[in-house]
Structure formats: structure tokens, C-alpha cells
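Quick one: the structure is below, and I'll ask about it shortly.
In order of appearance the chains are A, B, C and D, and numbering begins at 1 in each one.
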Amino acid sequence: MTCRIKIAVQHDDFDLAAEEAELCIGDHGVGATASFVGRVRGDGDNVTDPLLALELEHYPGMTENTLTALAEQAADRWPLSGVTVIHRVGRLIPGERIVLVLTASAHRQAALTACEFLIDALKTDAPFWKCEERAHGKHWVEAKTSDANVRARWGEHG
Amino acid sequence: MTCRIKIAVQHDDFDLAAEEAELCIGDHGVGATASFVGRVRGDGDNVTDPLLALELEHYPGMTENTLTALAEQAADRWPLSGVTVIHRVGRLIPGERIVLVLTASAHRQAALTACEFLIDALKTDAPFWKCEERAHGKHWVEAKTSDANVRARWGEHG
Amino acid sequence: MSTLHLRYFARLREQFGLDAEPLGIPAVPYTVADVIELLIARGGVWAEELGGPRVFRVAVDQEMASPETLVHDGAEVAIFPPVTGG
Amino acid sequence: MSTLHLRYFARLREQFGLDAEPLGIPAVPYTVADVIELLIARGGVWAEELGGPRVFRVAVDQEMASPETLVHDGAEVAIFPPVTGG
């Protein structure tokens, strides 16, 4: 089964509806698409030094290779007809979209499970780094052990 | 925690991007949205009597009540800030979208899990019926045991 | 006498050739199972759809019901095949 | 002598004050662990970031590597903190 794979690393925002439509165009075998959108979560108003922005850095080349490899792993594990991963980089403010993971399949379970695998694996495997910008200064976000634990559910190589 | 709930049963198509944006507008606490789109899956070209269309019937009133109850159950079980469920009715052709389930949360796991719960529960609990239209005639789609089994994972009342 | 508002959907609506009808029942405790018995007694497609091996569901006042669910005067009782949405 | 192309990202890039540099190594079997030892020997922030308890990752030619991974002449060796995308 061939799986359409689209990977993009860009500063620009993406259009969820356009991406979903594109992944299905001309393919009436798609019965389900699942998508995940990550957003910059702001702090509430009652925080003394709220988040102003996130600056997203990445490792050009390795990022695209890693995301492509993860998409191919997903397509090997589940019967997918399409995978789209778009990750934004640069400066993003609270409320903005950061990442899109989108999967298409004949069957809903495959689309949902592969979408969850991809965002879990992206979080621990793809070379992106977040730096928080607050009025009191900037600091790099530390990796979470919980993300590694969630990733471990899927096995070492996806 | 309050959860925005939007339920719609309509013939018209929906705009995934607009719905995702609407569920997050003015709420910078959203860190993740998960969505599921079900589509009318066509048969391949090598089928003698391919699907021409699906006619979707529902039980007005009970449908909206059931979907609202499921959204409320999801908001009780997971920390959600928003749930949107849109289900189309009437005649739909292969490739068309049938249903949207969309969840928003501060945390990705809650958004993803609740989205999966909602589509699984909708499939067995909400009063919709599909009738297949083929050149050789119409016939009502039979409920799948597999859907009931998947639903059972979540417990009797969600 | 009490009156129920029966509704039929999907295949049952087509088989019965109607989507709704009033049904008079005795004004005593009366269950979903009693309603179904009354309909099966009509014979024909009624007995075929509701008295044989075919699976169907019943909702009372738009809530899923079981055979033991009591129906009251004015209740909306819907009978339909297992659902297939999504 | 062989030459590696070192790259640094995120916090390490800022701490080291550079994002890339060439590094000469002896033309014998040489591992990621050997490269790290060479950098730790510079002392200061190098020893602090790579010789202490802080966790870091290494990729060789854009593939995640372990301390035992061999590096070859011309390899791109990237050192960075655990990733935090998504």
C-alpha cells in the first residue's frame, strides 16, 4: 500500500482544512482522517511573569529526515494512505499553532492510533527545541520524562 | 473546569480549520486539539456494483441529546476545554465528509483520548443510520460487532 | 386507556411503511416488552421484524430503553435497528 | 588527521557561543565518547555542559548516536540538549 507523505518545517501557519482535503483528494478509499494540532499554551492572567512567546529552533536536514522516517514507520505499522506533518519554527506567541500531525486511512482505528504515535514520537525524537521568552528573561524548556515514558509505549523504533 | 460544547446535525459540510480555530478562540490555555473526520469511503474501480451514495437518517432530538450527553461524559472524564461534534445527514457521495469530532485541552493526551472515545461512542450510541445506494438497489448498513467491542473498552456509560 | 407515540426509523420505518403512529395501551403498569408483544400480535412484517432473530433497539422519550422500561401515558417510544452512524 | 564538522544547538549553542566548528581528530578508530572527552578537556563551559550531570544527545550524520558510535573523516557530529518540540 502506498502512503502519501508530506513533511514541512516552516515559519508560516498551516490551514488544517486544506491539509485534510489535500491528503484525501482523488482517493475515495479514505474513510477516516485523524489530526493533532499543538498550540503555544499561554499562562493565565494571574501569573507574575507570563509567557510572551516561544522561539522554536531546529536542526535543518535532520528534522526533515527524522519526521520522514517516523511517517514511514507509521505507514509500515498501520494501513495508512497518507501522513502529513508540519512543524513551525521561529517565534510564536501564545495561542498560535506549532505543529500538525494528520493521518488518513480506510479505517478509523489506524488513523487515530498512528496520529497518536506520531505526535508522541515527534516529541522525543525530532530535533526541535523551545526557548521561552518572558519579561524577566529567556530560558530553554527542559525535556519531560513523561514524554519519554509515553514514547516508550510504542517501542524503540516505533 | 468549563468545557465549551458545540453539537450540530446538518446536511451542509463543515470547515475543519474554522471549527478548530473557533474552539480555541480567546482561550490561550489550549495546548492541543485532536480531531477525527469520517468520510464516505468509495469502492475501488474493480467492483461490479460500486457505492453511489450514502443516505444518512437520524432521530431528530434524540441525536442532539445523545451527542451532548457523550460530550459531557468526555468533559467529566478528561480535562477538556472544548468539544465539537458535527454529523451530516442526507445524501452524501464517496469522498464527502460525514462526521467531525474535535476536542481541545491543555494536554495532548486528554485531547487525543477523548477524541477517540467520542467517535467510538458515537458509532454505537447515537441514532444515525446509513443506507447504501448502489446501481442494483439500496440497502441499510448493518451494525458491526467490532464497533460494539471497541465501544465496550470505554465502559458502559463512557 | 393511555396513548403512546410510536416512531420508527431506518429499515423498520420502511418495512412497516410508516414513521409514526399513536398506540393505545391499558392504563396499568406497561413495559417496553408489552408494547413489543402488542406489535408482534399484528403478524406479518411486525412479527417478522420484532418477533424473530433480528436485533432492534427501543428508546423511550429519547433515552435508550430495555424490555423492562416502563412506558407512561404520552411517552414517545421509538423502535429502530442498531445504529450505524459515524 | 581527520576532520569532523561539529554543530551545536539550543542551550549548548548559546553556552559554547558558537553553532559550528571543525574539529581535528587522529585518523584512528574514534568514537563519539572520544569526541566528548576531547571537548571536556577544554574545561570551562565545555566541561560543565558535557562532563557533569547535564543530559545531552549526539547525532552523527543526522542520525541519533550512542557513545560507542564511530565517527569518520568528514562526519557531521551534532551535540544538543534533549529535544522539546511538538
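Following the convention adopted for this analysis, contacts are C-beta pairs under 8 Å (C-beta built on N, C-alpha and C of every residue); 3 or more make two chains touch, one makes a residue touch a chain.
Note that this is a predicted model, so its numbers are computed, not measured.
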With centres defined as the mean of Cα atoms, the chain at greatest distance from subunit A is chain C
For the pair subunit A and subunit D, the C-alpha centroid-to-centroid distance in angstrom is 27
Here the gap between subunit B and subunit D, centre to centre from mean Cα coordinates and rounded to Å, is 48
Touching two or more other chains in subunit C are residues 86
Each of the following residues of subunit A touches two or more other chains, namely 38, 108, 119
Here the pairs of chains that touch are A-B, A-D, B-C
So, in the complex, the side of subunit A touching subunit B is made of residues 15-18, 20, 24, 28-42, 44, 94-95, 106, 108-109, 111-112, 115-116, 119, 150
Listed in rising order, the residues of subunit B that touch subunit C in the complex are 38, 56-59, 61-62, 65, 87, 98-99, 119, 122-131, 140-144
Listed in rising order, the residues of subunit D that touch subunit A in the complex are 7, 9-11, 55, 59, 62-64, 78, 80-86
